[in-house]
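This report refers to the structure that appears directly beneath it.
Labels for the chains are A, B and C, by order of writing; each one numbers its residues from 1.
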Amino acid sequence: MSDQPTRFPSREGSAYGRPPAQSNKLLTEVGPGTPCGELLRRYWHPIAASKSVTDLPRKVKVLGEELVLFRDAKGRAGLLYPRCMHRGTSLFYGKIEAEGIRCCYHGWLFDVQGRCLEQPCELERGRHRDAARQPWYPVEERYGLVFAYLGPLEKKPVLPLYDNLENLAPDQEMWCTVSGFGSTGDDSLDVVPYSWLQMNDNVMDPFHVHVLHSTFSGVQFHEQFSLLPQVDFFYADHGVCYSAVRQLEGGREVDRISSWLMPNIMSVPDIRFKEGQSDGVSWVVPVDDSHYVQAFVMKMPKGAGGFALTLNGKTWGTMTEEEHQRFPGDFEAQAGQGPISLHSEEHLVTSDRGIMLQRKLLEKQIEVVAQGGDPVGVCFDPAKAVVKVRSGNFYRAARAAG
Amino acid sequence: MSDQPTRFPSREGSAYGRPPAQSNKLLTEVGPGTPCGELLRRYWHPIAASKSVTDLPRKVKVLGEELVLFRDAKGRAGLLYPRCMHRGTSLFYGKIEAEGIRCCYHGWLFDVQGRCLEQPCELERGRHRDAARQPWYPVEERYGLVFAYLGPLEKKPVLPLYDNLENLAPDQEMWCTVSGFGSTGDDSLDVVPYSWLQMNDNVMDPFHVHVLHSTFSGVQFHEQFSLLPQVDFFYADHGVCYSAVRQLEGGREVDRISSWLMPNIMSVPDIRFKEGQSDGVSWVVPVDDSHYVQAFVMKMPKGAGGFALTLNGKTWGTMTEEEHQRFPGDFEAQAGQGPISLHSEEHLVTSDRGIMLQRKLLEKQIEVVAQGGDPVGVCFDPAKAVVKVRSGNFYRAARAAG
Amino acid sequence: MSDQPTRFPSREGSAYGRPPAQSNKLLTEVGPGTPCGELLRRYWHPIAASKSVTDLPRKVKVLGEELVLFRDAKGRAGLLYPRCMHRGTSLFYGKIEAEGIRCCYHGWLFDVQGRCLEQPCELERGRHRDAARQPWYPVEERYGLVFAYLGPLEKKPVLPLYDNLENLAPDQEMWCTVSGFGSTGDDSLDVVPYSWLQMNDNVMDPFHVHVLHSTFSGVQFHEQFSLLPQVDFFYADHGVCYSAVRQLEGGREVDRISSWLMPNIMSVPDIRFKEGQSDGVSWVVPVDDSHYVQAFVMKMPKGAGGFALTLNGKTWGTMTEEEHQRFPGDFEAQAGQGPISLHSEEHLVTSDRGIMLQRKLLEKQIEVVAQGGDPVGVCFDPAKAVVKVRSGNFYRAARAAG
């Protein structure tokens, strides 16, 4: 018998004989040594809310690496490789002390930069302990978040500031979350079970707002999204922006500007169309190739205490499978693409131009890093650490129709 | 050290040093492009009960392919590749409309043959939409079942009729299920977690009825099965039949004829030994290499509402693990062979002749398809679409003892 | 783009750019044909408590092999390859008879040495049945345990006796368990989810007792373990021993001698520091590369009925995840090394000398077996089957300080 069965050409669009499909590995593989993983490792990433980092060590997974995060008794956050360098026991079971974390098995004590301070079962509590070093990563805290840098130390940039997050008014407070809030609108998921690229694609896609969130199963955010906007995409500020102009009654229009910054940072304007600059920033942080968490920071009125979105009057976590089918939101649209979408099957069209610009920029910067350069958006000068955020809802008199 | 540890010859049948075992991949691999998968793709397969196909899309998996099944508002069943051709979101979250199904993400609308009718975020709702086609498969409905054809369109045969399912009497109705009913006798399992071949082997094996169902742990079906029959196996009607003759009291005998039709179709006579032609037909439809569903169609008295078998007085789904051990049935015998049996370890004997005939026919027809031919049992002439079913329990005066 | 992204040297102990880590496959792979698997197959291993082996067949997995264990109606334990040699159905669903076990599917009957006694669907109940043999392994019972030998029959050693388990006093009884008791101190786990080597490493490591069990989160066993002992490691009796001397008040000292015998046998002295020879023996039996069970036999006062350890006043199985973090024990220290530790990352120090001796002996004996020889500790002479166990807590007047 021949090894290969006879294949017939696919006719009339039949599903028979369609070619195997592939994911875009270049943009979805995030582990150590992968091209995109190395690009992502040149930026700071928020990995946890500061208040969740205590004397009880917690497991975190970032860019495919399992790590342990804790706060020592002097208040310093530490991010260490979890396997104790001595015999490999997890520091998840370590005990916090003033100077660091102590392994439960044989008591080796490490500080937040991995220095070994004590080996209690060795002579003189470890005559050679200075030669030992537990692998570690730098962390810094800002806006209520713990940021980590997983790249080469000599390439560590300044942790950026964002102009829209500075200057908190007296009646405001900072709200933050690191979770699946961005895809479900509630606190159901700690981790989102699909590629970071699928959420990243979503942000420069103003058209899905018109369908998924407005006309498919009712208004999810605000009625104004039902109006199909006039959209312009453009590169700006080491990222991509769109301007979506909607004509309102009474001769006015609103220009909704949204922005995405390299490599995974976004600022979406207020979804109730409140006037002015966006109040928040978020980051889509890969956990591994097929999972991510999204960190949000947002200025809020004091005491607001966060919020949750509803679909058909219910929060996402309380809906049945049939309700998820009948009232799908971002989670269903993106999880429906699979753990890692099969990009070879995509048919991108005019309305997908924002995504094409994002991916082209990511690909180009992956190449820059692979060639030994520094990617756009990293800054080594503390004096230039403030990033200007363009995003917002801007109202004005209608211009002449284009 | 040498790479290979010293091995000793297996002595006295010891389990030490036995060779690695293999599955028969030729007959158990069912995915696209596999030899058996291509053979199976030349026939129609029932994939769901018609009444289960509604305006709420459902996931089905057939021959290793994940698909979405729905009924449009005009009543047409549709079977589409689930990933929307635009950006890959699952049509499981699609919305049914009169003309087809609409993707939740950007609203592309497809009919049951995959034609793209609308792209609402594009100019003129998609000036090039006619060039787009969502991959689809043909479906037809009969006997309360939705049948699908997953092969090349130019080789699509006529959907067969079965003579024993035609001419429903006024007091009869058609009962059907697509589930694990055939292995458990109840409605516990939606999908059966082992290879289709294991159930397929079971049907031309009249001897297991004598042991498993009659003498091992008591009578499961009917006392008459306790009699060891005189069995004859033969090829017939593009399949394999057996005739099992049992001598009864009073000088009578019963000839139980069971038949299996290429490639996965069977008609088992009434298991309470009711006289006459079999009332039903079933299909063992592979879900993937290690899972299947069995579709049953059976004429029943009106209002009978289906039935469930019991073992030791309990339905399968209510038994404990120990009860399954002490009162095993088809599920235990077949699941006990593993997700995919290790056929290299089999020792087939005289009583396994039916299985040998089935496998030989399958292998031969796999070769026919691989060589570009049409396998037996497919029919392209609507005038010849009726299949005669031989199966039944036939009573008569005992012939002279052989 | 170049295939490899630029890599930077790891600096300041950063976790960036650390090399991939490996397990020690030589000592952790236990399946058929692996070097360590072949070494382990030259010894008897306890696989179940005798009382758990009944007329209801049970599944056991040992050294990567799935088997079925039962007791025939004459009281003989049998250990067979589970897939019936006829058509592969599991003998887990077999029925026990006087002479052996009968397969549920077609009724083949096998004795405890795999001989086929009946093939009821064949002529004359199997004219060729003597040629059939179900793969089997030898078993013997002692100390309330079923021991199995999975190696080549011609190399089967005598099942050893242990001097400390002989001569049960009239007020004593034998207590045994085959479970995760040795790692959790209670009966929560039937199987322990990490490599046998991790528990094996633990026994010649007297220093972890000082940290993990005594000073890290309070005294788990006995206060005396808080004293850091003077430890000497040495090869003895086809294994490794340590002597740990602690200076007590009043000019006395206690010498705690613990021993490990090839390849996975250990006798730990009474953990409440009771004087005299150890009362028990235990075996760390690999289930597969990343799971094991530990068999314990121990002399106990009659009616004691076993015991359970507590951590912070609770048994292991009733503790929360946070309590496991704050009061870790052997399970956390060893499971924290992962399913199979990454040995290439270890940094063994002076206090790990016992482990180094054990591993060296294992490696050497693996080589002996690979070269065709017999490893140490196997005995073919029934007259020499008694093993002397050195372990115990021995009190005496303090010697001059070293």
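Just so it is clear, contacts are C-beta pairs under 8 Å (C-beta built on N, C-alpha and C of every residue); 3 or more make two chains touch, one makes a residue touch a chain.
Since we're looking at a predicted model, the values are computed, not measured.
A complete topology is adopted by the chain contact network, contact being made between every pair of chains. Taking shared numbers over all numbers used, the chain A to chain C interface scores under half, which places it in the different class.
Overlaying the C-alpha trace of chain B on that of chain C calls for a turn of 120°, given as a multiple of 5. Centres computed as Cα averages put chain A at a distance of 45 Å from chain C. With touch defined as above, chain A holds no residue shared between interfaces to two or more other chains. Contact residues on chain B toward chain C in their complex (touch as defined above): 1-2, 4-8, 11-18, 201, 207-208, 210-212, 215-217, 228, 322, 324-326, 328, 332-334, 336-338, 341-343, 345-352.
Across the complex, chain B meets chain A through its residues 32-35, 37-38, 41, 56-57, 65, 67, 80-81, 83, 85-90, 92-93, 95, 102, 104-107, 113-115, 119-123, 132-138, 150-155, 366-367, 369-372.
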